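Can you read through this structure? Questions will come right after.
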Amino acid sequence: MTDPTPPSMSGEEMHALVERLYPLCRSITGDGLRRTLEIVGEHLPLTVTEVPTGTEVLDWNVPKEWNIRDAYVKDAAGRRVIDFRESNLHVVGYSVPVSGTYTLEELRPHLHTLPDQPDLVPYRTSYYAETWGFCLSRRVLDGLGEGPYEVLIDSTLADGSLTIAEHVVPGELADEVVVSCHVCHPSLANDNLAGVAVAVALARGLRRPRYTYRFLFMPGTIGAITWLALNRERVRLVAGGLTLACAGDPGALTYKRSRRGDAVIDRAVTYVLRDRPHEVLDFSPYGYDERQFCSPGFDLPFGSLTRTPYAQYPEYHTSGDNPGFVTPAAMADTLDALTQVVEVLEGNRTYLNLSPYGEPQLGRRGLYESLGGRSDTKQAQLAMLWVLNLSDGEHSLLDIARRSELPFAAVKGAALALLDAGLVKEKA
Amino acid sequence: MTDPTPPSMSGEEMHALVERLYPLCRSITGDGLRRTLEIVGEHLPLTVTEVPTGTEVLDWNVPKEWNIRDAYVKDAAGRRVIDFRESNLHVVGYSVPVSGTYTLEELRPHLHTLPDQPDLVPYRTSYYAETWGFCLSRRVLDGLGEGPYEVLIDSTLADGSLTIAEHVVPGELADEVVVSCHVCHPSLANDNLAGVAVAVALARGLRRPRYTYRFLFMPGTIGAITWLALNRERVRLVAGGLTLACAGDPGALTYKRSRRGDAVIDRAVTYVLRDRPHEVLDFSPYGYDERQFCSPGFDLPFGSLTRTPYAQYPEYHTSGDNPGFVTPAAMADTLDALTQVVEVLEGNRTYLNLSPYGEPQLGRRGLYESLGGRSDTKQAQLAMLWVLNLSDGEHSLLDIARRSELPFAAVKGAALALLDAGLVKEKA
Amino acid sequence: MTDPTPPSMSGEEMHALVERLYPLCRSITGDGLRRTLEIVGEHLPLTVTEVPTGTEVLDWNVPKEWNIRDAYVKDAAGRRVIDFRESNLHVVGYSVPVSGTYTLEELRPHLHTLPDQPDLVPYRTSYYAETWGFCLSRRVLDGLGEGPYEVLIDSTLADGSLTIAEHVVPGELADEVVVSCHVCHPSLANDNLAGVAVAVALARGLRRPRYTYRFLFMPGTIGAITWLALNRERVRLVAGGLTLACAGDPGALTYKRSRRGDAVIDRAVTYVLRDRPHEVLDFSPYGYDERQFCSPGFDLPFGSLTRTPYAQYPEYHTSGDNPGFVTPAAMADTLDALTQVVEVLEGNRTYLNLSPYGEPQLGRRGLYESLGGRSDTKQAQLAMLWVLNLSDGEHSLLDIARRSELPFAAVKGAALALLDAGLVKEKA
């Protein structure tokens, strides 16, 4: 597959966006999320929707909005031994406000560590049970004396709204290709600032596409639920979709199939990946927002593209998932694969052979080399023979590329040459 | 899969039953068969049916009844060199009476040995051709002088009846699960006293099941043919069946699929076996009475469960297949696998997700842990997500367990929790 | 599979036919092709059809007829440094006449060599672009001085006709099995004189077959197109077909499936090949005339049988593909496999079990050994059980042989025994 256009953003530019977004304290609602979308909006025009607390969305209700200004655990000397300003991971997401003095013993039920990874701070949230807590490394916890400690969480949990943002690239068709990124995790780079950055780059590279492309930047689960609730009719237009996450770690690309298992998006992505190290997983109802898009009532053709899947790398949901963990090269590779997926979706057509009895004489139409007997056969000619043979109305160009194991660009080029020669027509 | 109830019989108890039944001279008819069923009847109430000689059953007729009191070959010194009282294998089953004096040369056409296993006595029958014979070890044959010998077979082959026995455990449903054991082999332990003992134990362990369970103890081939002839209409109720044989040798469990290949019984047994050493074979029209149940006119969903399959162990159909060859542990393992198959069949249901658009909010129903972000996910929660996602009316719990690779008990537990929460209902 | 009849031609006789045909200068038209068919006609009565230049055949037109008497490149000393009389490969097929004096520099665009195989002469044609050229070994080219050279090609390219030949063995059925050999290559032995010789031997061995067998000897591509154009209705009768080529090299047999992929011909050939070293390839629209027979408008059940496939051996389309490259043993092996394919096609039937409830009692019909209990089971009895079990109208004998992994002859023998016994009847 040849792609003469350079990518809209380099790996380094995407990495710079990750670094810029990294310090913000995102959650499923609140100002950190809004600020993140503002920065994304500098690269990509976004339509932002605020959905008020309490709105019924499918089986759920939009939760209260959470905001936080500061949080710490101070020792007797007034030193912040746990400090929100150092890393927003130190506070359990959606912690209710607290202010008081606690001994270590009293604090322990509110402290979360990773005993097996003693240098890392875990990521924890409690969206739907009102509680509070701090996350810290095991090593820091082991160094803490008995206290007492001054504890503050200066947060608010109140009526407000949930924020979702969309960028649409209109196409010739109303049918949509959707890329969805969760954007609710605080200082975690691979999960999912890398996905956000790659999505931004992909969106910026689209030029007058055939399909309409919709990019969704939303909090995980409740964001997808809210968007689906607001778009129950529109989803009928979804021709294919991907959740994009963990897009920047050095591992191989991983595709998780849609619930349908063999939708066009499944065939397109697995076809593109066959030329690089990759893994393909069957659908399972756990992971990212494909859980919602592929719920049985919707059953949308949504797969999930990641590099190393969630929970399969030790840095997952810890302070180890920082900008140093994601690389420009990995993000550029993810973008390149997605660009090829788009090329396949855009170029995929089904043609009908208008001269289906025997092979048409390609030579007199200038489509076949005249000197026979050579034992090597050019890819372009092979591609024409494949397109002619399988253009019976049952096989798309993607099907033909998969069956022939030829590059999609060669198959598409062959089809266009045959179209020019009047030997095929597009299937109605 | 958790099973808090202890098995109804221990491996040792099953082995004791094998040892008690072992000396009886069973055949496809006769008093040895009746006495065997009496002893089984001490453990399990049986309905015994006697079908008279000559009765037309499908393409066959019930044969004459065979009984034997004594048989021997005596040398000139009056010593029984071949003695029925030492082992009933020494006489070819269904031998007609004989009394006379024979030289070794005259006897030879009536003597059967195993040249490759010179210490073992073979098992031979001649049900449908009237003849007589003795079986002995090659080593004994090699030690015999020229004779003459006094030969006696004190048998009768006369009008009588064929005996079949059934034990039924009534369930909520008229639909039946059938377990069939052939019980026509004389002193052979694995083939099939072990199968009989395991079937007895399985039957005794059933408590108010949903399906009706029918246990058949019948002579091979003609017994199954007779039962099918008497139950041509009833077999429509068979939801699944197994022939059970060779259930006590130390080899791995082996499942042979039904003729249909992917019936519920096939899916249940192969699912249960995946956690232990096992082998799965495709259907073939040779083996045990699945040959009859799976004949094309009936085509019942009958598989066959054995440990090492027939003819695949050197002791098969020889005096080596004695109680020392079968072990309490192997029989307990077969019983355990069957118990799990029953649990799967009993618990298998198809549910409908009543909240199919997006995931329902499990947390507010107390079905989901409230603290998010942890990288380990509990099996119970995964099972709920699988049940919700696949409960579209097309997938049973067994299908879901197979697809998710979760324990059936976890999937069933998840479904019951969701049922309690009003999130699913049973499909009508 | 037992075949008591010796083959109609030995490997040596087939090889002698290859050697006799080898020197002729064949092309897609002309007297070399006609002379070839005359020699084939000495072994097999042929119906020869001449189709005039310009005739419209599907998307093509029959080309002008090409004939050549002599051709050379002479050096200043009058020595033929390239000489058609030494090998007809030296002239590009369909070269237009030329006569003149050329320096080496002027000649070079018309000279074809194989730089990687410097001792071999390539095979080249230019059927549909009017040009001329010579083929020679790289080593000879490297030894040529600057010239000038006297160049002659004494050819004619004029209105005439294209020649195709058929041999038909009428059968009980109008349905046809077709074997097609391209016969347009000049001095190339494996591609395809070996195929022609094996086809001749196969045809000569047929005796009162059930199917009608049609053997086609035609130029590649345009010959098949012409035959299809003349037989657009008849092709509905094709029950199965093979293109036969590269039938004499020492490599393993290779079967390329029809476009349909699982037609009876595909199942028959792959079944026969399972007992020998072989390879099976999926259909692709490149290769021999299966390209035409399997074009989507016709979609005939045509596979392709070769030994080493085209272009996969270094001698392919070079002077290395001479009679020394093909062996009597390889041709005899190809013939033997084809003979077995014919036996399968001829013997394949679908029967209905007339006693489908339970197994019928084979013993009283003399179809089953009377002494039970033996652990070995005869193939013939197994075959009867398989035929009875699968003769439900959905499975042919070939299906049963494939499923049971028994020899086709055993399955067929079992079916005939059951037919004699009135237990099965042929499906209408």
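Per-chain numbering from 1; labels A, B and C assigned in written order.
Following the convention adopted for this analysis, a contact is a pair of C-beta atoms (placed from the backbone, for glycine too) under 8 Å apart; a residue touches a chain by one contact, two chains touch by 3 or more.
Worth saying up front: this structure is predicted, and the values here are computed from it rather than measured.
Participant: In steps of 5 degrees, what rotation angle do you get fitting subunit A onto subunit C on the CA atoms?
Facilitator: Nearest-5 rotation angle for the superposition: 120 degrees.
Participant: For subunit A versus subunit B, which are copies of one sequence, does the interface use mostly the same residue numbers on each side, meaning over half shared, or is it different?
Facilitator: Counting shared over all numbers used gives less than one half: different.
Participant: How big is the gap, in whole Å, between where the Cα atoms of subunit A centre and where those of subunit B centre?
Facilitator: One centre to the other, that is 53 Å.
Participant: Which subunit B residues reach two or more other chains?
Facilitator: none
Participant: Flag every residue of subunit C that touches subunit A in the complex, lowest number first.
Facilitator: Counting only subunit C, the residues touching subunit A are 58-60, 92-93, 122-129, 131, 221, 224-225, 228-229, 232, 259, 284-286, 291-292, 294-298, 310-311, 316-317.
Participant: Once bound in the complex, which stretches of subunit A touch subunit C?
Facilitator: 353, 355-361, 363-364, 370-377, 382, 385-386, 388-392, 404
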